Amino acid sequence: MSSSFGQMLRITTFGESHGGAVGVVLDGFPARFPVSLEVIQAALDRRRPGQSSLTTQRRESDTVEILSGVQDGLSLGTPIALMVRNEDQRPRDYANMVDAYRPSHADFTYDVKYGIRAASGGGRSSARETVGRVAAGALAQAWLAATYGVEIVAWVSQVGTISARVNEDTVTVAQVDANDVRCPHPEHAAAMIASIEAARRDGDSLGGCVSAVARGVPVGWGEPIFDKLEADLAKAMMSLPATKGFEIGSGFAGTQMTGKSHNDAFVKDEAGRIVTTSNHSGGIQGGISNGMPIRVRVGFKPVATISSEQETVTPEGEATVLAAKGRHDPCVLPRAVPIVEAMLALVLADHALRHSAYSHLPHP
Amino acid sequence: MSSSFGQMLRITTFGESHGGAVGVVLDGFPARFPVSLEVIQAALDRRRPGQSSLTTQRRESDTVEILSGVQDGLSLGTPIALMVRNEDQRPRDYANMVDAYRPSHADFTYDVKYGIRAASGGGRSSARETVGRVAAGALAQAWLAATYGVEIVAWVSQVGTISARVNEDTVTVAQVDANDVRCPHPEHAAAMIASIEAARRDGDSLGGCVSAVARGVPVGWGEPIFDKLEADLAKAMMSLPATKGFEIGSGFAGTQMTGKSHNDAFVKDEAGRIVTTSNHSGGIQGGISNGMPIRVRVGFKPVATISSEQETVTPEGEATVLAAKGRHDPCVLPRAVPIVEAMLALVLADHALRHSAYSHLPHP
Amino acid sequence: MSSSFGQMLRITTFGESHGGAVGVVLDGFPARFPVSLEVIQAALDRRRPGQSSLTTQRRESDTVEILSGVQDGLSLGTPIALMVRNEDQRPRDYANMVDAYRPSHADFTYDVKYGIRAASGGGRSSARETVGRVAAGALAQAWLAATYGVEIVAWVSQVGTISARVNEDTVTVAQVDANDVRCPHPEHAAAMIASIEAARRDGDSLGGCVSAVARGVPVGWGEPIFDKLEADLAKAMMSLPATKGFEIGSGFAGTQMTGKSHNDAFVKDEAGRIVTTSNHSGGIQGGISNGMPIRVRVGFKPVATISSEQETVTPEGEATVLAAKGRHDPCVLPRAVPIVEAMLALVLADHALRHSAYSHLPHP
Amino acid sequence: MSSSFGQMLRITTFGESHGGAVGVVLDGFPARFPVSLEVIQAALDRRRPGQSSLTTQRRESDTVEILSGVQDGLSLGTPIALMVRNEDQRPRDYANMVDAYRPSHADFTYDVKYGIRAASGGGRSSARETVGRVAAGALAQAWLAATYGVEIVAWVSQVGTISARVNEDTVTVAQVDANDVRCPHPEHAAAMIASIEAARRDGDSLGGCVSAVARGVPVGWGEPIFDKLEADLAKAMMSLPATKGFEIGSGFAGTQMTGKSHNDAFVKDEAGRIVTTSNHSGGIQGGISNGMPIRVRVGFKPVATISSEQETVTPEGEATVLAAKGRHDPCVLPRAVPIVEAMLALVLADHALRHSAYSHLPHP
């Protein structure tokens, strides 16, 4: 198992869905930065189950505790350990899952790899692991905003077959949070909500996409060749449960364009900065931020846990059928929004520090 | 700059497009494995410029030399350093590029980040850096095949707006290499070739997609949470020049499906193994290989270097126009095929070793 | 700050001496191994303050809690988070230390580096950070014993100017724990105890050495060139607070010998194994274990905190005098014994896994 | 095998003693710094065999070639690959070593671990591997001097039983290089030379110590907890062939002192800086540089290769005798001086960059 991510700013997450606690150690966070429990809690509240009719009714307050690294509201430069106790444990809802491999879940692969498996919930493969990411990401996001003026906004851009086009230059968190599905386009949001409710009634589930933008990133972040900004972003996002695809800038649509139309022309703007007239590059060229908004899109598969009956096998390979009891989201997209923001913030903050090492060197 | 990739099997690449040499140090490669110069050279020959009318006419033999780590044709378990001298240097072709930022290239970001830039070619951001990846990947691929029976095949699945559907269970390298565009679907290949030649005549360029499959991967490779197999694959692919998107399994198309249709049902096959009846998961569940073919797709933008005139600025921000002289590919896709194979092999071999550490532990 | 150590078996420690908690996340620990709270607690009890008259009277039960990674007494293969709440906080004892830099402490360097400092105790630089190491090390030690039959024993081999020679082939933990100073040589132990008590009365402190041996390590652990076993052991030990020196095998005494006498002759033993007739190498040759006992020695400086008055400066650089109030050990050596054992176990277990990746590879 | 070292400034060495080449890739080196082939070559010349009567007569010019990362004498910020061809290969000198394990060499452990071994010389375990370290270290040393005014000097402080005390505040490289044994104390140097020549005549060998100092290191370098400056220095030095011990500051002698005498009192100096009146800490407190000279000492065992007959076994375990033919140093200490300087420089430069990331952060 490999539970750490990042080089200079590094998170280590821990915890199963049903166990003592989940949490994170955030190491390398700059000293003397205000650390607010409220900021962390607010981010967790956006990720929490039970916050709307669209999400699982598992009820956990997800109250975070700071175990270390903070004194009088300021970071000490030492590891910040954040913990959330697991509260609402109903292993009985999962009883039948011990005896059958849930389709498109990690039950089978965990069993073969580890020879043991958390008896209820997804264990470590559960989306509950992302509690630690969101908690740490909230601090990274606050630091990026205060230090560099970076603004990060994510939103649901697709649910099932319903897509919404959103102005990435202007979209705000308030617009995103204005409805339960977290799509800042009101009409499409309504359609998405209706389709999620239909899926739930049908014992089915939906996938979709989260898009995100980071505005105000300075030129120069990213460490080619292997730690290109888009490479680390891709890894960050594809480490999230249920992700199937990642795009930077023009993405797969861009692969159908020609060089003439895809190239982003450089011009000098009114402020005298070199900018591009289009942003197919998604704010990154050669693995390094170019000052334009960084634009990513992340695809999530439909939730694997559904209440309809599905064919599967027992660990012994005997055919059986399985229908999920208990509580589960028919669509994870709304809750994925703060998670994508967190990973975007963690990657950017790590690279801000890595770049800072060189960009501020004293010169002979 | 960060030029190393992998944990137990680790590559470190070096070299600019126009300098003394490019190469790679492959560390952690198992001892006593046959290392054949021919195997490495054959892989490089598939990546080499000038191999067909579709690719750049830059003529370099890309002859590889083994500097260390091999004795009497066997690996010593020590770092294998592989070097290719740069031969065909025509810095004059790039003279005008010193004075203008090529649109959608790394010129601008490298200049700001490093305050210096290789005066010709793309320097380190050139696709020439991938020579080292392909050389090391050839050894990883040979080792995976011999040790685990893993078969890796990549092909061009899209050029511009032309897509080809290919049977991932049966496609072979011979089929891929049967034509210059490396698309194993003859009719679509012909259309792709025609479109590339049209783009070249038009001073334009095309993008597209490379798909790849790894067959025969055992159950159990991949290290959740952060080093999930798809996360490391995403990073590997998105560290390649010109990539805009990555998909695993059903990819973005899968995000439009519902849980009922997307879930891969488990069954026992004739051999008594647990397999899935569909493979939307792309051979990975919970970040761990499940024994089904691993399927990835990588999107490449249209080549940024085109011979048509484009608007841009000088380093001082003055407006200018630029038209590429010299030699360049109107479409990198055919040459990207061995590169994608190499990265797929390097990730899998690294994870084979990481998993081996635990799977073969003596037990008390 | 960098709070992680190890590659495949990796610890991340967190916590200040006076804060919410201290702890560790142990990642990469093999699945299905019995994890006993008692084993962890027993190791912590050997490290705990207040266990004898020789150590600080700070009274903390150091009760450990397992937050994750364990189910029904077995490891899940997932991160094991262990936490110890801080109980006995007397910041008033440290009040004067805010205003003066304690000589040979980290107050000054932390202040300059981080611009902030835990207001009481040593914060992160306190030996209390080692709670996490000991807790994780206890599991590593149990795993090494059960899986490979490795026996690890550490003891106090020197206090001040009193040294004790101990038979490394036979010394046991029971002999070590037979007295408060943890020196398995009864007469020298008595002299050491007397000297520690004298130092305390005198408002002074003593240093010394901990020696350790790992018996039963198989041939082959260690990853040259940079992760040689002795290199990682050196880093592990020199990352402990107050360490001034590290030796492997013959150590500095060996540097005064000649090749003829220092070389360890190979012979075949009765069991047919290749062994050496002497062990100046300390069980490691070329960075790799050779099957002989691994012998290390670690030097600790005299405790910096003393109750006698010392000259120092305030953060503003004004001269002042400082005498420690509160509770402190006149000699840390007895409590360092389990800490050295923990670091030895963590390094060996990490390398056992790294070697296992290659040694059990299937062969073509 | 693990052939990389460092986090932000990272070296990857490659090459066997008898193969195509040895070398290094230096990654993360700052851009726009003058890279002089002469500086690198001069460092290698100090490490080269055959430079005096005290060292092996193996004659290799060790001519270095820059393969990448430099343009017009300036670093590009990209990996700098440096290569030295192996010239003087006399595998016949080593013929008998294939059939017998050289005592206190890595032959046995490499054979067991890798199942294969470079047939002549030490292969990868040879001191020839340090060519890459010295080449990269020369650049790190030049950069530290130009950027921070750091001065690094190493010298032979002990040969066999002859020790020389040297003023660490004033010793210069010129004084060190004034004699063949590189001990800046002329009388002791003469005695050391005599003892080395006697050992050679006697078919024997000597060990000893190299001491080193880094003056002018700013306050703040080092990343507790695990990447404390002394921990990384210990690892760096103990990764060198033949090392048996490492000391920082007062070292093992300091363990015999008491707190009152060992503590370094803080005072304000004439320039208004906070300094210490003694330097038992060796310039590091809490793992972080405190502005005082960094003082280390490294112990090397007597050379294992001696021309006298020694008892050993064949790979099959049969008893045999072995006497080294060929050329070998009776004492490696003089040639270890530039190697210790290189490792000291590489660790400090890596930590300079790591600290720079935080110390120059823009503040909100």
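Which chain is which? They are A, B, C and D, in the order written, and residues in each are numbered from 1.
What we mean here is this: a residue touches a chain if its C-beta (ideal position, glycine included) is under 8 Å from a C-beta of that chain, and two chains touch if they have at least 3 such contacts.
Predicted model only: the values in this text are computed from it and were never measured.
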Selected interface, B-C versus A-C, where C-beta contact pairs are more numerous: A-C
Greatest separation from chain A - chain, by CA centre: D
Rounded Å distance, chain A centre to chain C centre (Cα mean): 38
Mean-CA-position distance for chain C and chain B (Å): 45
Residues within chain B bordering two or more other chains: 1-4, 13, 31, 77, 113, 124, 358-359
Residues of chain C that touch chain B when the two form their complex: 7-8, 30-31, 77, 146-148, 353-354, 356-364
Complex contacts: residues of chain B adjacent to chain A: 1-5, 13, 101, 103-106, 108-110, 112-113, 124-125, 129, 158, 160-161, 199, 203-209, 219-220, 222-228, 230-239, 241, 243-252, 254-260, 262-268, 272, 274, 276, 280-282, 285-290, 299-306, 308, 310-313, 317-319, 355, 358-359
Touching residues on chain A, where the partner in the complex is chain C: 1-4, 10, 12-16, 19-23, 25, 27-28, 31-32, 65-71, 74-81, 83, 113-119, 123-124
